[in-house]
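Before we start, here is the structure in question, set down as structure tokens.
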């Protein structure tokens, strides 16, 4: 098999403003996604429709949607499922979930990112268990959920401020753990740099990280781990 | 079962300069590790010996060892296996490997970190396949190894400079992928900040990251993913 | 000839709010340009008109135009060619193109900067070949265009996020290569600092860089290289 | 009383290289301290001796002493008490302790700073209870000491890496709490910036902070709080 | 006594969007607070009402309230006391003040943060003495208030720009001193980083700090010190 | 004479929101100034009126005025002279100018800061000679003005971008030279940090600097130098 | 032709510690280079010898050589030409120069980087004209060399401190211009960040940049431009 | 007169490694200076000797001399006056002082920079009055010297840590004031960035600044101000 044919017509859809990579599912197991930032609502509708046509049997996803884009999608693609908090749209039926990802959030201000993780996990084929508002300032809230979290196939911890949550979690469980820093804080936190640095310097071994507020990338990775781990 | 007994004597070994957490294997599946930085050679020998005594049937690990610490270990714990490049020591027999981690390095200057990943993976119970010097400036070197890498249960990509390797890899495979930035560069790279920022901003979805040069944490996470994924 | 006469009247046009440097074309081969940021629409119209009068046989350029400035230009200088995406205006006839610059963009969000490069290249006297949406997450899209890019006299690679594109390109071709970082990203990217650092730390030798989003300066340099290279 | 006489002879001792502020104890309740950095061993001996002569009934302190300074002090001021880990010297008898400061350390690498806190607390007139190696990666170690810490009049928490310790402590107790970030880490932590940012962004209310590794200033403040709180 | 029961129903109120920690007053002596940023006006009203119901005999506090939230509170909880400058709301009767906190401000631009300190001090049970506009550029204004400040049980110094105030104060008094940097400046001050760095590098020993503009945390700490110090 | 009487009534005017320092002219030779940022239009009017009443024979100044403040001043203090570009107001008659300050600007975008310098120089008692748009990209424009600039008693150079102007000037003249960096640039310049760093690293000896865009402080210093230099 | 065969044996030499990319000259027109940092002297000798064997008719280059590596090369490869200032080694005969690169240095402290540029230019096939110590603090030195510089096919400007040189040069000539920032300064310049920022913010259009002290990359790019421009 | 002759032989001395700018005294009033960093002892001796020959009737200066350079100068130029603390050498007779510069230092650790200021002031033709160890933590020490400082023609304030000294001074006197930040601190102060930022954000108007530890540039500027101010 020739994996990287150059110039062949079949692996790209030319939308004028974008070259959709319809070969990605074959290469990586998951279809391309529409990244909403910097695209007009019309471009987003057009790209999501084209992605769906190329993967009729698999849900496709659009992320980082501004309110105007969400409104346009509601009008032109009424079959799409929209999540305003997570700023996402899903078109088509998600796969049956394989494995479970526990998505653990430190505070209520972290909810939008937590929603981005959860929706992505579903589209990428794993189940999701949301555990909210269990930050370390009230430690008993987290300890009460320890066994539930430890039973998942992968864990995503979402936290802002000083982001102590993943370090505490990392000392309590051995499940693969991804930490998502959020741009939530009370003063000078450099738009989430503090949480990010804290997660990368965790004293608990094996804590993995993504960019600030990047629930999408964490969701992709967690779903991949969970569905491989749990495959029959 | 009472998971967090306070004050009980059985879960901590008091070495005077440290409280060894011998309960960690029960909590997280893997024993504590001796972190060498800031400890004297004598403290490292003493801690490694105590850890080994607490886990006689499982290899234990010491990381970030200065040359003086490695020399002291060679003398006082001749049964230990030492890796000078990775600055690690292993005492006891590693578990039989379950699953495989592909450890992919961009350049020869990244080798020390790649060795830290590889040795850690072994101690934490997975097999390791090292793929070296396949940076993107000579793309054919990486493409030639694509199928080998895609066949692993988890992938760790080690790269410095602009760290393009994980982005290119992330577009070619769907295996869980951890990127380790290294403090290797040709000018002003802020001790690896450039590679770190690049990895966290990867255009490929699902790229996970650890701190600069932190091969240990990447190895822990990769081994956990691999041995869960591959469990029979 | 006395190249730096002091105080002579002929080399500057005094607009009150600005001293137009009408001697620049004689010194450097290209006329001065109107930089729109921080100027009122009326000032921009006045400056562009004066520049045009001083160089009647050569197109003159205005960059970084706010919507209000573009609207005012459309009204008062209907002969000007306006590019809303690139935020540019051109007044007068561009020179016949000498040589070709390939302008290569990683993603659709990079298009505005790519347009700034392309329009500048034209005004500064070279031809332009635009290659869009060929980021490294779908490597086959770039490989398919390799020969087309390698045939240019100069290449400008426009990319945000981790900016791996110029490193991959730099390993595939030997044409002079200018990388333009863009302020496009998915989280904490410091307004393009990540892309900038990545380009300056490219593992491919000979990658040249300009400031974040500075398509104008890249276009000037690329056009100068192309038209010298290709001169008969 | 004239609180700020200018030019009067009685409130300053001129050592040539320094003006000792012998009025400070009257103004603030505690005598001046010799800051060792940037002073020669001879200057340190001379300054400490002069301070002692000015406060014969009260211990005086020198901080941040290089090994050469400690050696010189051992030789010339044999009555001084030296702490090599804390890099401090004390000359004269410390006051009888009033109140208790709990000094809590996350890891063994934090011990030097913890020692600076402890010695300073003593010289400034409070008692000290050291609780070591109770980082959050093994949470049970900290929970086991909770009541002991809660019984103090002030708490100083010393931690590096991601510095989660004060946030967890701040949710468990209501005692005035000072967090000291240390320059201890496993990768890119900017010489303690990570710990510092984390402490300043703690989700637990009322966490106070000092500069990285500045155990001295934390000790001064904690002793002042403790001895006021506990005064009969 | 079992201090950290897991899963028990009595210590948390589930509001759907948040888990109120009603056990905090028992653990730390003060009830939880509603942090307004990132919450809708409706959520803030609901959370403040629930907190008040759980602590009927003790004032509860909401901070960082946007104008819309303040308006909603005025309408739905008319019993609440609102402070627009400090962006705070208080519901219920504050405790009788024990001890006094002097809150000292450098300039008029620092007033909003000074108000946040003062209101918090009251809710957390101490008295407050406000000393405004005594920056060091007119030193006599500060010197005139020296004795008044020195008589407090704790001092909070609020300052922006170069933040020299706490250093000067720290040399004049021995009362526990907390410095709050504000994001006030005349040019490039990095949103208060300058003041923050200055306070952390104070040449006066024992200066404690919180995050930029974080009057709340300073108020909590100062009140705790004052009411312990002054207890009969 | 008693220079720092504490508590005396004569040296401060209490406006409620501010303590006007009416003793400053006696101490430093120039009256206090109203800094507009963070003050309401009403506060600004009130403060400027009070300052004027305290110094009836000397112009007083208000800086950093928002459009609303300028409008309010135009209405309530019609005798005030307003400079919209410089965002300043002057009330009362400026002193007769002693000495001359040359204020040299690199580009048209630097004009607002240049105006702040010029107006301040006048209020603080020196004459001002404005030399605009003489940036180094067209070197002949600057060389043509060299003698004019060299004849001043002090020079203020205002420049953004790479801020090469003061370095070139510093090699051409020996007059005291103050460089003001401006937040003007074409890409990633960190709000003027680039210009600031460049000025502080000037290869020409004796270049003095103030904060970004701080034309006021430069004007104060330049006027003081000029009027001392030129005093008969 | 199949440009990216995967797995074929002919395009890589396996040295154990490195995979030499011997296909690079075919792809980009220039052979691979040995980057000395992080390699042992023995590895450098071995890699340079292998590169030379693969390109017997073309000079090959090793950069960033420590003194120990230079000494080892002098011993084992006596035919190599060594440049201690530029820390380079050349093995084999450089190509006949095509075109000329003017390498312009601001100060004597910039000489090492200037030498790296010059040697690289020669190995990559162009001629080099070195113009030293012409910084802008003595402008006449630069103006005296203007015509000589303007006659080159490409210009490399090497400067530290505030790096005004390329901006001044960019206003005087229209030749393609590459600026190399150096880590030379008099105080806080962040290891060359100042020069780097200044060059990227140059007010002269078309200034291209490389990383701090990266004379090698500038030399590669300049040689490519010069030899294309001047080709017959 | 032709001020910028290009190519004329008389205004530069070619030392091979440097082009001495012997025209500078004519242009700016003061001769060029030898900057020692990055030059060998032999180069420094050679440059200083050449400068002296070109200005036989005027002292010339070399700065930032390493111990090896000072030793070589002592040997080869015994007539030179050496200042080891200030790392300076002076050859020839300084001008008779005109005017006085008060150089005020905050602490003993600031002495080396204070010496650089003082020696430079002398060579550039003004008198110097040193006032040491008057930091604000003991305010009475500074107040006692207020009148002495206010009587100078220019003031240089040298301070590290939080650098409150110039702000306090700036409120007490109206003399032109230059603040020199030093790289002196107790923790994370970014090599003097804290002091630098503080000085640039001073609440006292008219504070001028130079780079960290750059006593030379401050001395040049202060001397120029003083000797102009005081000229008969």
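By letter and in written order, the chains are A, B, C, D, E, F, G and H; residue numbering begins at 1 in each of them.
Here is the rule we go by: a contact is a pair of C-beta atoms (placed from the backbone, for glycine too) under 8 Å apart; a residue touches a chain by one contact, two chains touch by 3 or more.
In UniProt terms, the chains line up like this: A, B, C, D, E, F, G, H = PurE domain-containing protein.
Bear in mind that the values here come from a model prediction, so they are computed numbers and not experimental data.
Asks: Quick check: more C-beta contact pairs in A-C or A-B?
Replies: A-B
Asks: Going by more than half of the contact pairs matching by residue number, which of A-D, F-H or A-C reproduces the interface of F-G?
Replies: Looking at which residue pairs coincide with F-G, the repeat is A-D.
Asks: Could you tell me the distance, in whole angstrom, between the mean C-alpha positions of subunit B and subunit D?
Replies: A distance of 36 Å separates the two centres.
Asks: Just how far, in Å, is the C-alpha centre of subunit F from the one of subunit B?
Replies: Each chain reduced to its C-alpha mean, subunit B and subunit F end up 57 Å apart.
Asks: Distance from the CA centroid of subunit C to that of subunit H, rounded to the nearest Å?
Replies: Their C-alpha centroids are separated by 44 Å.
Asks: Using the touch rule from the top of the page, what residues of subunit C touch 2 or more other chains?
Replies: In subunit C, residues 4, 24, 107, 137-139, 143, 146, 170-172, 185-189, 193, 196, 200-202, 210-211, 214, 216-217 touch at least two other chains, as defined above.
Asks: For the complex, which residues does subunit G have touching subunit C?
Replies: 3-4, 24, 27-30, 33, 143, 146, 153, 170-178, 196, 200-202, 205-211, 214, 216-218, 220-221, 224-225, 228-229
Asks: If you look only at subunit B, which of its residues touch subunit G in the complex?
Replies: 107-109, 111, 132-134, 137-141, 143-144, 146, 184-189
Asks: Considering only the defined contacts, which subunit G positions touch subunit F in the complex?
Replies: Within the complex, subunit G touches subunit F at residues 106-107, 135-139, 161-164, 167-168, 170-172, 185-190, 193-195, 197-204.
Asks: Across the complex, what residues on subunit E touch subunit A?
Replies: Of all residues in subunit E, those touching subunit A are 4-8, 11-12, 17-19, 21, 23-24, 32, 35, 37-39, 43, 64, 183, 191-193, 196, 210-214, 216-217.
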